[in-house]
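Next come two complexes, and both contain chain A; in the first it sits with chain B, in the second with chain C.
What follows is the complex of A and B.
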């Protein structure tokens, strides 16, 4: 029953997508029609399919093969809800739903020719994803051959003779180990799918031959939404890895992680280069390249991580999703760039840059750096694949490759971030940059000196701090300068005027908030990567050990039955001097569908950093504990939040009209 | 002028896309981890590895004259856990018949593998070895685990099992090597890579 309902929803969404394409093309050519209704149909269909899946999960309806294979009656809230996107087929429902919401939002505006063309492109993307749900990744297949737990065979035909298992194995234990896993995928998907909107507008603009800034202006909010959520999604992913996987890390240059970083880098470059085109009419062609790349990278990332081409336990024989995604990727890239080549005479005509000592000049440098960055990650992720295809030899590209290249690039980006905001558009008068940057440079170097004398002599950490302070000081200095000027004229306080300065150009200052966030992340990474302590100790109950200034006392082992798992761990009291700070419970969680336990670390967060305990082995007498510190790691989480917050704050401002050059009129094209 | 350059750039990307697609598509149909091992029929790469518990290790060449069953495993690998009991049993039952079992920990801290062996049980006749820097795993082209290599008395790789093995498969393979055959490669199931990230 729910299978039928879900399938009906998918079919409705597919029909809506087809209608969007047909009517959208008609409207874009100057015909008549309304795109809101098909967009509503897509949304309704996607909502129904997601609702069907949720009801099936919440009511333990194991007649659906997806539920039978990824859910168990014992799966607690909110993981039963999250199971809807814990595996491939379900995650495509979520993808479709997010796409449908974006489509609906775009369609709410009156559709002129550009809007109609963009919706036709979004309809095309919708056809692909809803099409997947009806063919190679059908989440609503019914189980026709039940096992004791789970389902051995399924049928896409909703009226097939159902053989319902009584229980399922439950979701992957790693995914039900932490609530972050319930929020991380939706947040990340909003980021991924949101990039469809600027892509759709770009293709629409190319198809109509109107490469002017109108498509950028229309898609700017969606780009910011996508970027902010992508930022947040990457942060949550790293945080989850840190809290759940017991290796104490947050980033390993794993293909899955790279898949989210690449579109982020491209989107970050695009946000900056888009501003250049809106302000100065430059980089027209480049913006198309960036936005097509960003979108294509989301598909490539999905392909790499979902098809099993790299580093996955799933082989191709199990799913036809790989070829489907690859075909779509080729269609997107080849189609987009063919269109781009056909319109090259139109996109090429943009003014040349006058001087590199200007805002647009710094943006150009930033774009160059971000693009190289993305390219390096792309090469590192796909190189093993390409090499094997050509030579047959297998290599892995590990952290050293990425770190060696990404670290200097990140520092160069930070350096540029100090220059960018204080450099005016079109070119800076002589002496202005020196006047504005002298102070921040002195503050940054002085901070570096103090850190070197009091905290650490590790060069990377000092460099990160110097550059981080440089970025922040340049921004604060600019704010004080601008507010000071106003204050001298108006007589009101600098503080009041600073608020006015920010209010007058909130998107700019929101961007600076993101810059400060990125600087915090850089400093956090530098600390956590360069100054951690590690030890392994074997303790009997009552034993104490000194580590990183703390006294750790092994009190006793414990064992606890929870509805979906058995928890086995040890209590370790953490003290400092005479004070007892807390009791930590590093443990292993045992789930029914997993043979070994999932080692779950216990973390104590303090201003100086985290104490991170993992239980490596437990027997009747002793426990083997892994002891780690992650100094200042909270800077990394805070920085990520601040970066994303800048994006959201910028969005809040864009409701009010921004002072931008008038967009070129669309009517006469 | 500039427009033309852009057109060519655009078309170049299209061409590159097609090449990339062909390359990626060439990998469909067969799992990348399941290519025939180039080692089959070749002398087994020698190694001299320390024991997991830090004890004096084992040198492959010192086992010449005996059949060697070389298995790569780790505690994080589900299929390895599945086959573990059968490997232990096979090692015990072939003891004294000129068959040596060597199990090399793959991408895992020795302490973790050791504690896993404590729980899961181990064979007194099996050599449990550490592989610092994964040098030996790389030499044998291990892509995912479990992978089990069979080396004959002359030190030639004559067989390979990709995926979970069991008592039946192990016994049959060893028997055929004893009777002078080269069993070659067989695929019994999925292999796993370290699930970090």
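What follows is the complex of A and C.
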């Protein structure tokens, strides 16, 4: 029954998408028509299909093969809800739902020709994803051959003779081990799918032959929403890895992590280069290239994650969807760039850049660095796959390769981030830059000296701190300078004037908040990567060990039954001097559908950083404990949040601006 | 203070601080954690995409112990890396060298950077036409044809590629599907573990369990292989060849992993009780006897008995012959 309902929803969304394409093209060619209704149909269909899946999961309806193979009666809340996107077919429902919401939001504006063309493109993307749900990744297939647990064979035909299993194996243990796994995919998907909007506007603008900045203005908010969620999603992914994967790290240049980083890098470059076009009319062609690449990279990311082409902890499933996604990726690239080539005589025009010592000059450097960064991640991720596919020889590309190239690039980006915000558009006199930057340089070096004398002299850490402070000090210095000038004129306090300065150009200052967030991330990574301590100890109950200034006492092993798992671990008391700080429970979680236990770390967070305990081995007498520290790791989490917050704050500013009448926008068309 | 004086003071302060900082950083005694560094360069054979430094698996820990041992005895990095790559099949270098078939990886980013700089400089000198005089809109016929041709070519490429990849890699449904008969080459160990665990009572699962155990066995991960072989050996619905393979492998692991010759021989004899003519069992039994005990005579007899079998594969025969020659010459087993 629910299978029928879900399939009906998918069919409705597919019909809505087809209508969007047909009517969108008609409207874009100057015809008449309404696009809100098809957009509503897409949204309604997607909502119904997601609702059907959720009801099936919450009511343990094992007649659906997806539920039978990825859910169990014992799966607790919120993991039963999250199971809807814990495996391939379900995650496509989520993808479709997010796409439907973005489509509906775009369609809410009265559609002019550009808007109609963009909606037609979004409809096209919708046809592909809803089409997937009816063919190679059908989440609503019914089970026709039940196993003791799970389902051996299924049929896409909702009226097929159903053979309902009584129980399922439950979701992948790694995914039900931490609540972050319930949150991380939706957040990341909003980021991924959101990039469809600027892509759709770009293709629409190319098709109509209006390469002016209008498409950038119209998709600006969606780009910011996508970028902010992508930032947040990557952060949550790193945090999940840290809390669950028990090696004390948050980023391993795993292909699936890279899959989320590549669109982020491209989108970050796009946000900056889009500004150059809006302000100076430059980089028209480049913006098209970037936005097409960013969208293509999200499809590539989905392909890498979901096709099972690379086996990693994330690629928990394999299916025939690989060729479909790959085909769509090539269609997107070939189609977009063909259209781009056909319109190149329109987009190639751009005014001359007067000097590289200008805001647009720093943006050029920024774009060059970010693009090379994305390219390195792309080639490092795909090279082993391509080499193996074409020659059969196996090579590994891992952390050492990425770190060697990405670390210097990151530092160059930080250096540029100090220059960018204080450099005016159209060029700056050298004296102005020197006046604005000597202060930050002195503050940054002085901070570096203090840290080198008191904390550590590790080169990477010092470099990260000097450059991080340099970025922040340049921003604060600029704010003080601008507010000071106003205050000298008006007589009110610098603080009041600073608030006015920010209010007058909130998107700019929101961007600076993101810059400070990135600087925090850099410092956090430098500390956590360069100064961790590690030890392994074997302890009997009652034994104590000194580690990183803490006294760890192994109290006793414990064992407890939870609804969906058996938890076996040890209690370790953590003390400092005479004080008892806390008791940690490093453990292994045993799930029914996995033989070995999932080693789950216990973490104590303090201002200086984390203490990270893992249970390596437990027998009747002793426990083998892995002891790690992650110095200042909270800077990384905080920095990620601040970066995303900058994006969201910038959105708030745009909304206020929209109260103003918009004749200026229309005049440009 | 005049502007000039201020500038001089600022420059002096910046230069002095930078020099002092550089001095502080560069005079720090270098304490490189060689063990962790080498560990991060080697991919763990039984995991997916993790280095042995990051992986919690038993095999990775064993390998890290080996690295620590070699480092403390003063072996050079390259020698240690070569030893690991040589002795663990599936261990891959995660740090591609700038030579051979990974040279392109290192050249490409540099080439892209150079290209980017050239494009930017070129654009500076040759910007497009000014916006004031936009070219006439519309599409040129030549461009349309070229674009169409490219599109067709690319599509042909995709279809061929997709067809090939579909042929090589039959789709495996998520979770569980027709167990046993499917080509499992594409399925990850984790997936197999999950499917097996979810269908423990299903008699069809024995084949997949054996395949997984063989995979662990070939990677040298005896610890993971052991429970699966045991399960297959004891399973009532295992076919005879399956049970024989499991028993023989258990025997070999008992000998090779734990040095228990008697247990090994006993297990292999159980396999021979099922099928006295099993070549695998006879051969492994002979090797255990040769390598693990002083009973070289018995081993020679066993090898000779095997060679008397008419239906030996040529490679097996030559392998046995070379083993037999070595055993006769009184050499210890390789």
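Criterion: the second predicted complex is superposed on the first by the 647 of 669 C-alpha atoms of A that agree within 3 Å, B and C clash if a C-alpha of one lies under 4 Å from a C-alpha of the other, contacts with A are read in each partner's own complex, and residues count from 1 in each chain.
Everything below uses one rule, namely that a residue touches a chain if its C-beta (ideal position, glycine included) is under 8 Å from a C-beta of that chain, and two chains touch if they have at least 3 such contacts.
All values derive from a computational prediction rather than experimental measurement.
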>> Should chain B and chain C be called a clash or a fit once both complexes are overlaid on chain A?
In response: clash
>> Once chain A of both complexes is superposed, is A:345 in touch with chain B (first), chain C (second), both, or neither?
In response: both
> For A:528, is the partner it touches chain B (first), chain C (second), both, or none of the two (neither)?
Replying inline: neither
> Between chain B (first) and chain C (second), which, if any, makes contact with A:93: first, second, both or neither?
Replying inline: neither
>> One more residue to check, A:241. First (chain B), second (chain C), both or neither?
In response: first
> In the superposed arrangement, does A:380 touch chain B (first), chain C (second), both or neither?
Replying inline: second
>> For A:252, using the defined touch cut-off, is the partner it touches chain B, chain C, both, or neither? Pick first, second, both or neither.
In response: both
>> With both structures fitted on chain A, tell me whether chain B or chain C touches more of chain A's residues.
In response: C
>> Contact-wise, after the overlay, does A:458 reach chain B, chain C, both or neither (first, second, both, neither)?
In response: second
>> With both complexes superposed on chain A, which partner does A:323 reach: first (chain B), second (chain C), both or neither?
In response: both
>> Between chain B and chain C, whom does A:616 touch in the aligned arrangement: first, second, both, or neither?
In response: both
> Which of these chain C stretches, 93-101, 111-119 or 255-263, gets into chain B when the structures are overlaid?
Replying inline: 255-263
>> By the touch definition above, which chain A residues appear in both interfaces, chain B in one complex and chain C in the other?
In response: 247, 252, 254-255, 308, 311-313, 315-317, 322-323, 326, 330, 334, 338, 341-342, 344-346, 348-349, 389, 394, 594-596, 616
> Within the complex, which stretch of chain A touches chain C?
Replying inline: 68-70, 87-89, 147-154, 168-169, 172-173, 209, 246-247, 249, 252, 254-255, 281, 308, 310-313, 315-320, 322-323, 326-327, 330-331, 334-335, 338-339, 341-346, 348-353, 356, 364, 368, 371-372, 375-376, 379-380, 383, 387, 389, 391, 393-401, 405, 434, 438, 441-442, 445-446, 448-449, 452-453, 457-459, 462, 466, 534, 592-596, 599, 614, 616
> Which residues of chain B touch chain A in their complex?
Replying inline: 2-11, 13-14, 17-18, 21, 23-35, 75-76, 78, 81, 111-112, 115-116, 118, 141, 143-144, 190-193, 195-197
>> Looking at the complex, which residues from chain A come into contact with chain B?
In response: 174, 241, 245, 247, 252, 254-257, 285, 303, 308-309, 311-313, 315-317, 322-323, 326, 329-330, 333-334, 337-338, 340-342, 344-349, 385-386, 388-390, 392, 394, 536, 594-596, 616-617, 619, 624
>> Considering only the defined contacts, which chain C positions touch chain A in the complex?
In response: 7, 10-11, 13-14, 17-18, 20-21, 24-28, 36, 40-41, 43, 48-51, 54-56, 61, 92-96, 101-102, 104-105, 108-109, 112-113, 116-117, 120, 123-124, 127-131, 134-135, 137-140, 143-144, 146-148, 150-151, 154-155, 157-158, 161-162, 165-166, 169, 171-179, 186-188, 190-191, 193-194, 196-199, 201-202, 227
